[in-house]
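Here come two complexes built around chain A, the first alongside chain B, the second alongside chain C.
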Partner chain A sequence: MKLRHAVLLAVAVLMMLVWTFPVLWGLLTSLKTERDVLAYPPTVIFEPTAGNYRDVLFGATSILPNLVSSVIVSGLTTVLTMLFAIPAAYALSRLDLPFKRASGFYVLATQMLPPVGLVIPYFLLLRRIGWTDTYQGLVLVYLTFALPFAIWLLVSYFEEIPREMEEAALLDRAGRWRALWHVILPQARGGIAVTLIFVFLNSWNEFLFAVVLGGNTVRTVTVAMFNFISLEQTQWARLAAAAMVGMAPVIALGLIAQRHIVKGLTVGAVKGGARR
Partner chain B sequence: MTAARVQLSGIVKRHGAVTALAGIDLEIQAGEFFSLLGPSGSGKTTTLRILAGLEAADAGTVHVNGEDVTLLEPGARDVAMVFQSYALYPHMTVGENIAFPLRMSGVAPQEISRSVKEAAEKVRIAHLLERKPGQLSGGQQQRCALARAIVRKPALFLLDEPLSNLDAKLRIETRVELKRLQRALNVTAVYVTHDQEEALSLSDRLAVFMDGRIVQMGTPEEVFSRPATVAVAGFLGNPPMNLLPARLDEGVAKVESFSFPVPTLKHLGTKDVVLGIRPSGVRLSQDGLPATVAMSEALGEEFYADVAVGELLVRARVKERPAERAQVRLQLDEAGLHVFDRASGLRL
Partner chain C sequence: MRGERRFALALFLPALLLLLVTTTLPLVYLLWTSVQRVDLSMPWLSGFAGLENYAKLGGDRRFWSSLWLTFVYTGTTVALQVVVGLGLALLVMQVRLGQGLLRVAAILPIVLAPVVAGLFWRSLVLAPDFGILDFATRALGLGSFNWLGDPQLALVSVIAIHTWQWTPFAFLVLLASLAALPPDIYEAARLDRAGPWQRFWHITLPLLRPAIVIVVILRMVTALSAFAAIFAATGGGPGSATEILNLYAYRLSFTELNLGYGAAVATVLLFLTLAVSFGLFVFRKTR
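The block that comes next holds the complex of A and B.
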């Protein structure tokens, strides 16, 4: 048993290193001057500078407006997704609808399409209705991915909750909506938190659609980061600083919701594994 | 709140090709403790759920106090239900659980807290109101579910195997308490169970379900002493009644290859029947059917002896333990004989 633990620990540490290394390296890079970044061999000990952060946040190439864009796009996407996905998932998990299982598969199938194949049609569509480079345009496109994903994830959480719960609530005169609100949603809290975070992160991190369907008005932080790479020169230190700033909300969110995520993920995983 | 009178007429329920209920007609009087008894899959729970409004019948009507409630939502029917799993809301405290039906009915807060206390005291969990259901024992959870059901003072009280998750001792205690509560509240109770002992001890009347039909309805004494079919006879009683295929011929019964006189059955003429007799009606004696003792079981003061008559095993309740493999003779108490038609299974 001891050996097993040691091996597990070693594997865990190794994997953690693999995942954290780029982040740590990025953090170091963001604190270097451009000259230190390009030094060879790379320097680990150097004089840290906050200059990159100052440029990235308050300089000519400030990404603050982009952060605002990202918050608007991701926030709207998340709110709208949850607003529609919760009732939809609840209905799918509870009501005996014809083609229920088939519909579940098609919902999931939308997740399997390669985004590159969709970006041009979406662009053409949005341009026709004049929604390119608008928040509603980008959010609409994000919804087409986020909604099916959220519904599919939430269904498995709702199915965990025994039907007798809302039958009891119905007999207690709650009606369907109040049964959902008072009895079902509080019990699905963990799953809802996990779904919400996933939806937010996916749209926060999204790049391809944002770069094609956005523009000068709507430029999310991922797109703005990309601007530090140009034909003539790549501003590695600033790119790294922008990346750190862009990553901060994600990490903060992750830490806040850590408890829910771990709990919610295992429930979802076991259930997901057991379903058909 | 007055107790409800319930009437089910021609209830049919199908699940795809399977007919779960094939025409249920039932009348339950106000204030009655009525049990739906049957083996699992016999349709008793489905009947209860249709009565509650949790499932829709494919045909037939449900009337409560003369009012047609067939199409009403569960919440509009003035019924409360205790589920087999209790279905307590795990994120609420005991007090919040009990208060929930009142909150949903828009009762004033002071009135709610008074009623919650009262209901909790009735089932003796007033000291647990701040706990979450997960922190309660099985028996306490059961009481919490009961309190949530009675707090609203419903006209009709539905119980779906409420005692099946309790241990044997607690089950008997709670059984007594349930009956007391039902009487004290003067409420109509419909009780689903597969446990015949529960049904017989609790009910004013009961209906025996088999294969989606009611095969017999009556008081516990009636059903126990005059089972309407072979199936009911085999289901009721612990241990169940002995059922012996026999041929009647002008007052003589032939079981296996042995004949014995039954003058009281002479009026039935010549017929293939099933003779039913409870273990207490079988005596080991000097003459009668020749048999071999296969096994015996101690009951405390008495014994059960399984004796073989030809290929048939007959269970007798005896005062003295017979030796295994002993050759004995059996007498069947003629007054305790139940006679059923072999082909139809109906009582003759």
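The block that comes next holds the complex of A and C.
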């Protein structure tokens, strides 16, 4: 019995190493000089340098403009998404919405569209109106995955709020606004925060739309990773440092929201909507 | 309650209109593009093409190969994720120690941008000469492998990357459902002298079925829209060895600039995805 327990524990520890290894190894690599990176066998003991981070942040290949692009795109996407998603989710979860079931399915179906099927028409359409490589263009496209996701996640949180809480406030039209504003929103604070985090995280990590529809003006941090890779030479250490800087925000957000991650990932499938 | 219905519509319509404009309208335009000749390298040929693009698919060996790769990639990654994820979840249920730590470790791959996952694996793990895996196989006396340069190994590698990134998802979801199972059923089974295998087959698995179905469907949708990690690790190569439909549609449209034909390939993918999502709707209905 003791032995069995030890084996189980060993497998669990091994798994943990496998999952964390690429990121930890990336962190180590980002602290090495390019010469140490190429050492064989790979070294674990070396003199750490902050040079890569200095280059990546303030050098000729600085990714600061890309971080700014990512913040603007993800920030705007998040704000717009919440603005549209909160009322919609409230209607879907709590009100007598006509065609509720069909509407819920429609929102869910839009969440599952393959991005490559959207990027081709968007490329042609945005080019026609001169919106490629603009913030408004990219944010518009990001709404395609952010909005359905947010609506469904919020629906699942709104449905958890006890109905009696708002019934007192439900008397007339003004009462409904008040119910949404003073009862539902404060009650769903946590759910709204989690939704915000996930929408921001998904937008930050997006790559396909950013690489096709962005350009020199709007180049997000995921696209900028490729600055360090060229046919002749790859700057491994700088790439690792850039990846660390670029991923720090999402790793932090992921850790903050870790208890809610299962819910965020299974949204729409488990329960919710069209059940009234 | 006509007032409530109107109020509900007023709240829902803005989002609905926005979704119609941002998702449905482009899809209609995708279908329209797929029956056009849109070749940006030969713009003078542009025009209505009817079903020409779709007819071309039949004789396009690269298309059939990418369709096959899509099935292989989706099938193996989803199967691996479910089997490994379930195995780990069952295992972790028995080790109370360090569950929290494992949960945190599991989140790391999930929150990482797929493009970064692809780049990390390509540069730090799989690269010949200084990737850590190459070091490991050499140290074990197995020799050096060109993980991303050999067509078959490249396919194995991109499948491994995807499985690495998303198994934690299956693990976390299944762990959550395992933890929610009523413990008294197990007590009863133990009193009936059911062995561990019997308990797994006749109690755990049937109870977990809904969670497993959800994981399979959602993982299939993710696998069908996989792009960035493969793009970063192999770019679809070597040749077209890791070119699943996404990569093929992308390369056709934005490398070869033949958007009309790319749109036809993307349409095939769209219908594949819709078929899978339909499975989810059926599942939701039966519950």
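The working rule: the second predicted complex is superposed on the first by the 233 of 276 C-alpha atoms of A that agree within 3 Å, B and C clash if a C-alpha of one lies under 4 Å from a C-alpha of the other, contacts with A are read in each partner's own complex, and residues count from 1 in each chain.
The working rule: a residue touches a chain if its C-beta (ideal position, glycine included) is under 8 Å from a C-beta of that chain, and two chains touch if they have at least 3 such contacts.
Given the structure is predicted, the values throughout are model-derived calculations rather than measurements.
Undergrad: Figure out whether A:Pro186 sits in contact with chain B (first) or chain C (second), or with both, or with neither.
TA: A:Pro186 contacts chain B only, not chain C.
Undergrad: Kindly classify A:Val141 by the partners it touches after superposition: chain B alone (first), chain C alone (second), both, or neither?
TA: second
Undergrad: With the two complexes superposed on chain A, say which partner A:His5 touches: chain B (first), chain C (second), both, or neither.
TA: In the superposed model, A:His5 contacts chain C only, not chain B.
Undergrad: Just to be sure I read the superposition right, which of the two partners does A:Arg35 touch: chain B = first, chain C = second, or both, or neither?
TA: Neither: A:Arg35 stays clear of chain B and chain C.
Undergrad: Quick check on the superposed pair: does A:Arg178 touch chain B, chain C, both, or neither? Answer first, second, both or neither.
TA: First partner only.
Undergrad: Just checking: does A:Arg128 make contact with chain B only, chain C only, both, or neither of them? Give me first, second, both or neither.
TA: A:Arg128 sits against neither chain B nor chain C.
Undergrad: Who does A:Pro98 touch here: chain B (first), chain C (second), both, or neither?
TA: second
Undergrad: Between chain B and chain C, which makes contact with more of the residues in chain A?
TA: Result: the larger residue contact count on chain A belongs to C.
Undergrad: Taking the superposition as given, does A:Gly26 touch the first partner, chain B, the second, chain C, both, or neither?
TA: Once the two structures are laid over each other on A, A:Gly26 reaches chain C alone.
Undergrad: Go through chain A and flag every residue that touches chain B in one model and chain C in the other.
TA: Shared contact residues on chain A: 172-173.
Undergrad: Can you check the complex and tell me which residues of chain C touch chain A?
TA: For chain C paired with chain A, touching residues are 1, 3-5, 7-9, 11-12, 14-16, 18-19, 22-24, 26-27, 29-30, 33, 38, 88, 91-92, 94-95, 97-98, 101-117, 119-121, 123-125, 129-130, 132, 135, 139, 164, 168-169, 172-173, 176, 214, 217-218, 221, 224-225, 227-228, 231-232, 245-246, 249-250, 253-254, 259, 262-263, 266-267, 269-270, 273-274, 276-277, 280-281, 283-284.
Undergrad: Residues of chain A touching chain C in their complex?
TA: 5, 8-9, 11-13, 15-16, 18-23, 25-26, 29, 37-42, 84-85, 87-88, 90-92, 95-98, 103, 105-110, 112-125, 140-141, 143-144, 147-148, 151, 172-173, 176, 201, 204-208, 212, 222, 225, 229, 234, 236, 239-240, 243, 246-247, 250-251, 253-255, 258, 261-262, 265-266, 268-270
Undergrad: Any idea which chain A residues touch chain B in the complex?
TA: Where chain A meets chain B, its residues are 162, 164-165, 167-175, 178, 182-183, 186-187.
Undergrad: What residues on chain B touch chain A, complex-wise?
TA: These residues of chain B touch chain A: 52-54, 73-76, 79-81, 83, 85, 87, 89-91, 100-101, 104-105, 148, 152.
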